[in-house]
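These notes open a run of structures that come right after.
Below, chain A partners chain B and then partners chain C, in two separate complexes.
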Partner chain A sequence: MSVLPAPLAPTRPAFLTRTTPAARLVAGTAWLVAAIVTLDPIVPARLFLAAIVALWLWSGLPLRRIPARLAPLGFAILSLTVFSILLSSANGDRSLATMAQIGPARITGPAISAGLAIGLRVVVIALTTLLVFGPSDPTRMADSLVQQWHVPDRFAYGTLAALRVAPFMAGDWATIGAARRLRGLAPRGPVARVREAGGRLLVMLVSAIRRAERLALAMDARGFDSGVRRTHFRELRTNWRDWLTIVLSFAVAAAALFVAR
Partner chain B sequence: MNAFPASRHSAELFRWRTVDIVVVALLAVAFGVVFWAWGTYVWAWGSFLGPQTESLLTGVWLLPAVVCPLIVRRPGAALFGELVAAVVSALLGSYWGLDTLLSGLLQGAGAEVVFFVTMYRAWNPAVAILAAAGAGIGEATHDLIVSYPGIDYAGRAAIGAAEIVSAIVVVGIGGWLLVRALRQTGALQTFPSGA
Partner chain C sequence: MTEATTGRPLTAVSPPSIEATDLSWTYAGRSRPAIEGLTFRLEAGRVLLVLGPSGSGKSTLARALAGLVPHVLPGRWQGGLRVGGLEVAETPARLLGERIGLVFQDPDSQLVMSRVDDEVAFGLENRAWPRPEMVSGVREALAQAGLSGFEQRSTVTLSGGEKQRLAIADVLAARPGLLVLDEPTANLDPPGMYAVFERLAILARRREHTIVLIEHRLEAALPLADEVLLLDDEGHQLAFAPAGAVGREAVELLERSGAWVPRAWRGAQPAASGAVEPAVERAASGGRAIEAGALLLEAADVRVEYPADESGKRVALDGVSVSVRAGERVALVGPNGAGKSSLLFAMAGLLRPADGTVRLRALPRDGEAAEPMRDPSRLSARELAARIGLVFQDPELGFVAGTARDEVSASARAIGGRDGTSARAPDEQGTDGVLASFGLGHLATEIPFRLSQGEQRRLSLAALALRPPAVLLLDEPTFGLDRRGTEAVLALLDERRTAGQAQVLATHDPRLLPACDRVVALDRGRVVFDGSPDAFLAAPPYAPASPWRDGVALGRPAGSDPAAIPRRGAR
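After this line comes the complex of A and B, so read on.
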């Protein structure tokens, strides 16, 4: 799919590429929870530093591509921070000193600190997501969820099969557009463009459903739904690296939350 | 096992056929791509409008939670569809990734509760709108805790209301119309919804 960014895959083996995805999900959840339970900016600031260190030393991801990848997030962070400061409930508290006055809006210290905490929180979530999903591909994720968490295998591998079909949908989108132009359906003006996109989307979804039905039929023909117990081609077990990752991430989350300034 | 319409009068209801799984997963993948594009190109800019206005754009995130169950009519379709869409947008590199799983869980559960209460038997526009509102409540719960915790009560009430209104319009009404349009093309013949 040309419009989609190329996946950020690890360029070298590293500590986290040898951990299982399920373990990274647990470890990442600890940071996610630590980042969202408090409005003190020091907590996400500490987690931000920890995430940078982990990305740098243990992820195996190409570090130079990360800033460009996260650039569009800048808008969301900026607006979340600014609006959190402007609309903060602390601004109405008359006992707090005014830090700044913008027209009718009065801004207090706690409002600024909470706004920074929310901006940093989003950065921590983005970096933690890279640490969890970056080091391995969807196939390993499915293997891991089925073998370690006993997610029903038909659902995990059925989803994986659907993921493999996804690139064809981009092709369908282009073909449908060409076919409509050939029929003289050239939209003019914004309303016509939206209607045109809606029509294309509907045809694309119909084609996706047809494809999924054929795929399901082919999978059933190979005994996908036979009910026979499935064995695993790639065996995954929770290893010492997983435990170390989980213990360290919980320790870092606890330290970020509870160590005094 | 069978690629043909399932009986609605037996334990078959709880048995997902392969075609149910793959169709929900593929629709969720399509919505995951839409999520990613929406989050990157529309939502990121819309966020300059301020949280209350921006919340009117959030309904799009909930489409799989209502559209998938309306098509396959199986228990768990709301949760499964919304979670797969969340995982796909995370795999594509949505910045919210991990947090999307959390919100996907709450949104899917919000819609699932409504379908559960109907015992997976009623599939009319009213149920679609209620399920959309349920998903919207799940979404608002998440967003008010994660994205807007410091904002004053009036502001948060406005954000929550805007998200639920957006859910009802985009997902309840829009999602139901989408499924109806799909049915009219004949694409849903394999499913109870297309009969």
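After this line comes the complex of A and C, so read on.
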């Protein structure tokens, strides 16, 4: 009785689905750095356009589903932007021209620009994450980190196994809530609510730990981390697409930062 | 990878014999051994079925054969266990792991990877197989498990039966000589169970593996076994014998220890409910032979939908109508995904149907008019708890308190007095009385999470005893319980039913059906059968029908078969 939406996965082979995850991680980092180091909205706006183009042409992801998946984040971004504009210290500067007046709140040009910069930056971070992690499943990411960067098996595949447990925790959380309601427990007041959430969390953690213990035992039984150097069913090697992706992403980041506006 | 040459069996390992000599194991922190003094010899290529009640150390034996005990889990080892000439305690876990494949009970906590072929390859990668051999190994193992063509599938989209067959493929890929299966079908619906047993039967016939099978589904498992090992509830060996020649005395001891016992050994006539007189009550569907009480719950034309991916909505229930009367026990059956859980949740008002209605009411008290039927999703938590209760398959998820005693009093505290108005907290005496009557008197101050599976199940029922709801919903109420545990739960339910409680049991276990008054069968969100257990078992409305019929062993309703329930002496 899963209530979680299906994960976003590529529906067709595309340029980025043929790159290795490690290369996309490098390429994405360049964009994240470029988006964070500046305070004006122009750089994130340029990266935003570039990310849209990359998602559209090279990611292989079903574009129509992306807005729905980002919707919860979209609300956060919107409120972040609005509050950044309203609460900006530039609004108090009498030497700046008033752009808008909402009741007692006076809004200036620099405030709008700073607010947009913050909002756009979060959008760029979200889209870049999608470009890095979207084109292949988490298993490929773990394979890539182990084979290309020599990250320890225990860490990479252990994290991967933990990711498998996560969806069950969501289901447990809902079940626990239902069980409590049916026992007549309806907390009234903020203190009772917090205590209630704490009790619920405790049960969920107990259940998650039990599940993790069983999974760890199953992995041990199949010889995981037994001191033998693992071989790889799916071999990943850095290829020309990786290099092209990295070079292009650095070029785009540099252009977004330094091309005159 | 030059160092990766350690034991890479490119041809199948020949099946090993197993020899236990006075084998005992005590887990660290426990005073009593989990298994004690096991002594037997299983020849190479044979199939051993291990039988015993809860706590008999069946899983511990499985772990010992795989080397997890003593190499991964801490504890004290005594005696000897040789697998194919290797002494388990003195052989590195890695070497044992290459010869032995272990399949666990829960499909969701033994799959590691998100794609089927990666999943099978995982164990081979760990054992440093060269890539070309991995590719052919994965292909062959999937074929053996009946999963050819599943390579690219995501493991989360598989059914329970498919997941367990994948777990079998996982261990087969490494070409072990010994296969150990620890209740591989316990979590499965009848079709999933059937498919797993089909594969096991093929493997058993080939004689390429020594197989140790731990199973509660005895009617399906027994025909596969060459030998059986019987354990009692303290981990002692009752008998080791050919499957067809178990001594009368050993069977009696096994039965007395609380374990399920195969029908064939009980010398009983074939269960009266199977395949006999199909048409007797076929016609009756709504009002039945039993004294029908007041209507307590009514679901009419219920439709439940879940948001799915871009393809649109997934319909979990479609036009489902079910009514439940006071004093009636209804079994809810159907394959996984048929909508059983959704129906239970809709009945409890935890999800609101997209269409149709659910109405319920409290049990009318003597001489008073029944209250009007009400929509559970509009009741407050307190009103709801007084009218309907739900016991989850995993009792742990339902625990709300820090001790067993508080767990029992929690609902009563929340609901207040019987009529749901005056807040009258239960006295400690009443609470402890309930604990005692559920066989939990000595555990009043114990943390619920620390109880055994059977104790947890009884506690989850005890938690509803002080203010028993008019309707009790139970999701797989006997999951993981042995015969004694199952009978204990049924006895407690019988008591409530006599007092007028209506009970709805969602279950995969055909053994429970004769203990119910009515069976409602779901398939793909629709009711496909509503009638007597006899009629259901005579002609299950599914294809193939046989998985739904096997394993009927419990007595008739209302405890008409007391002889079949020998109690163990006071302990």
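By definition in this document, the second predicted complex is superposed on the first by the 219 of 261 C-alpha atoms of A that agree within 3 Å, B and C clash if a C-alpha of one lies under 4 Å from a C-alpha of the other, contacts with A are read in each partner's own complex, and residues count from 1 in each chain.
Here is the rule we use: a contact is a pair of C-beta atoms (placed from the backbone, for glycine too) under 8 Å apart; a residue touches a chain by one contact, two chains touch by 3 or more.
This is a predicted model, so every value here is computed, not measured.
A.B. asks: For A:V206, decide between first (touching chain B), second (touching chain C), both and neither.
C.D. replies: After superposition on chain A, A:V206 lies in contact with both partners, chain B and chain C.
A.B. asks: For A:S79, is the partner it touches chain B (first), chain C (second), both, or none of the two (neither)?
C.D. replies: First partner only, chain B.
A.B. asks: Where does A:R64 make contact in the superposed view: on chain B (first), on chain C (second), on both, or on neither?
C.D. replies: Touch partner of A:R64: chain C, not chain B.
A.B. asks: Would you check which partner chain A:A14 touches, where first means chain B only, second means chain C only, and both and neither mean what they say?
C.D. replies: Neither partner.
A.B. asks: Contacts for A:R154 in the overlay, against chain B (first) and chain C (second): which applies, first, second, both or neither?
C.D. replies: A:R154 sits against chain B, while chain C stays out of touch.
A.B. asks: A:P138 contacts which: chain B (first), chain C (second), both, neither?
C.D. replies: Once the two structures are laid over each other on A, A:P138 reaches both partners.
A.B. asks: I'd like to know which partner A:M219 touches here: chain B for first, chain C for second, both or neither.
C.D. replies: both
A.B. asks: So, A:G115: does it touch chain B (first), chain C (second), both, or neither?
C.D. replies: first
A.B. asks: Need the overlap of the two footprints on chain A, from chain B and from chain C, as residue ranges.
C.D. replies: Of chain A, residues 1, 3, 5, 138, 161, 165, 206, 210-211, 215, 217, 219-220, 224-225 contact chain B in one complex and chain C in the other.
A.B. asks: Hey, which residues of chain C end up touching chain A in the complex?
C.D. replies: It comes out as residues 1, 3-4, 6, 66, 68, 72, 93-94, 97-98, 102, 104, 106, 108-115, 117-118, 121-131, 134-135, 138, 156, 170-171, 174, 306-310, 316, 341-342, 345, 348, 350, 380-382, 384-386, 388-390, 392, 394, 396-400, 410-411, 414-415, 449, 463.
A.B. asks: For a test of understanding, state which residues of chain A touch chain B in their complex under the given definition.
C.D. replies: 1, 3-5, 7-8, 28-29, 32, 36, 39, 69-70, 72-73, 75-76, 79-80, 83-84, 87-92, 111, 114-115, 118, 121-122, 125-126, 128-130, 132-133, 138, 141, 154-155, 158-159, 161-163, 165-166, 169, 202, 204-206, 208-213, 215-217, 219-220, 224-225
A.B. asks: Looking at the complex, which residues from chain A come into contact with chain C?
C.D. replies: Of all residues in chain A, those touching chain C are 1-3, 5-6, 62, 64-65, 137-139, 157, 160-161, 164-165, 167-168, 172, 175-176, 178-186, 199, 203, 206-207, 210-211, 214-215, 217-235.
A.B. asks: Per the contact definition, I'd like the list of chain B residues that touch chain A in the complex.
C.D. replies: The touching residues are 1, 3, 16-19, 21-23, 25-30, 33, 36-37, 40, 43-45, 47-48, 50-51, 54, 80, 84, 87-88, 90-99, 102, 145-153, 155, 178, 181-182, 185, 187-188, 190.
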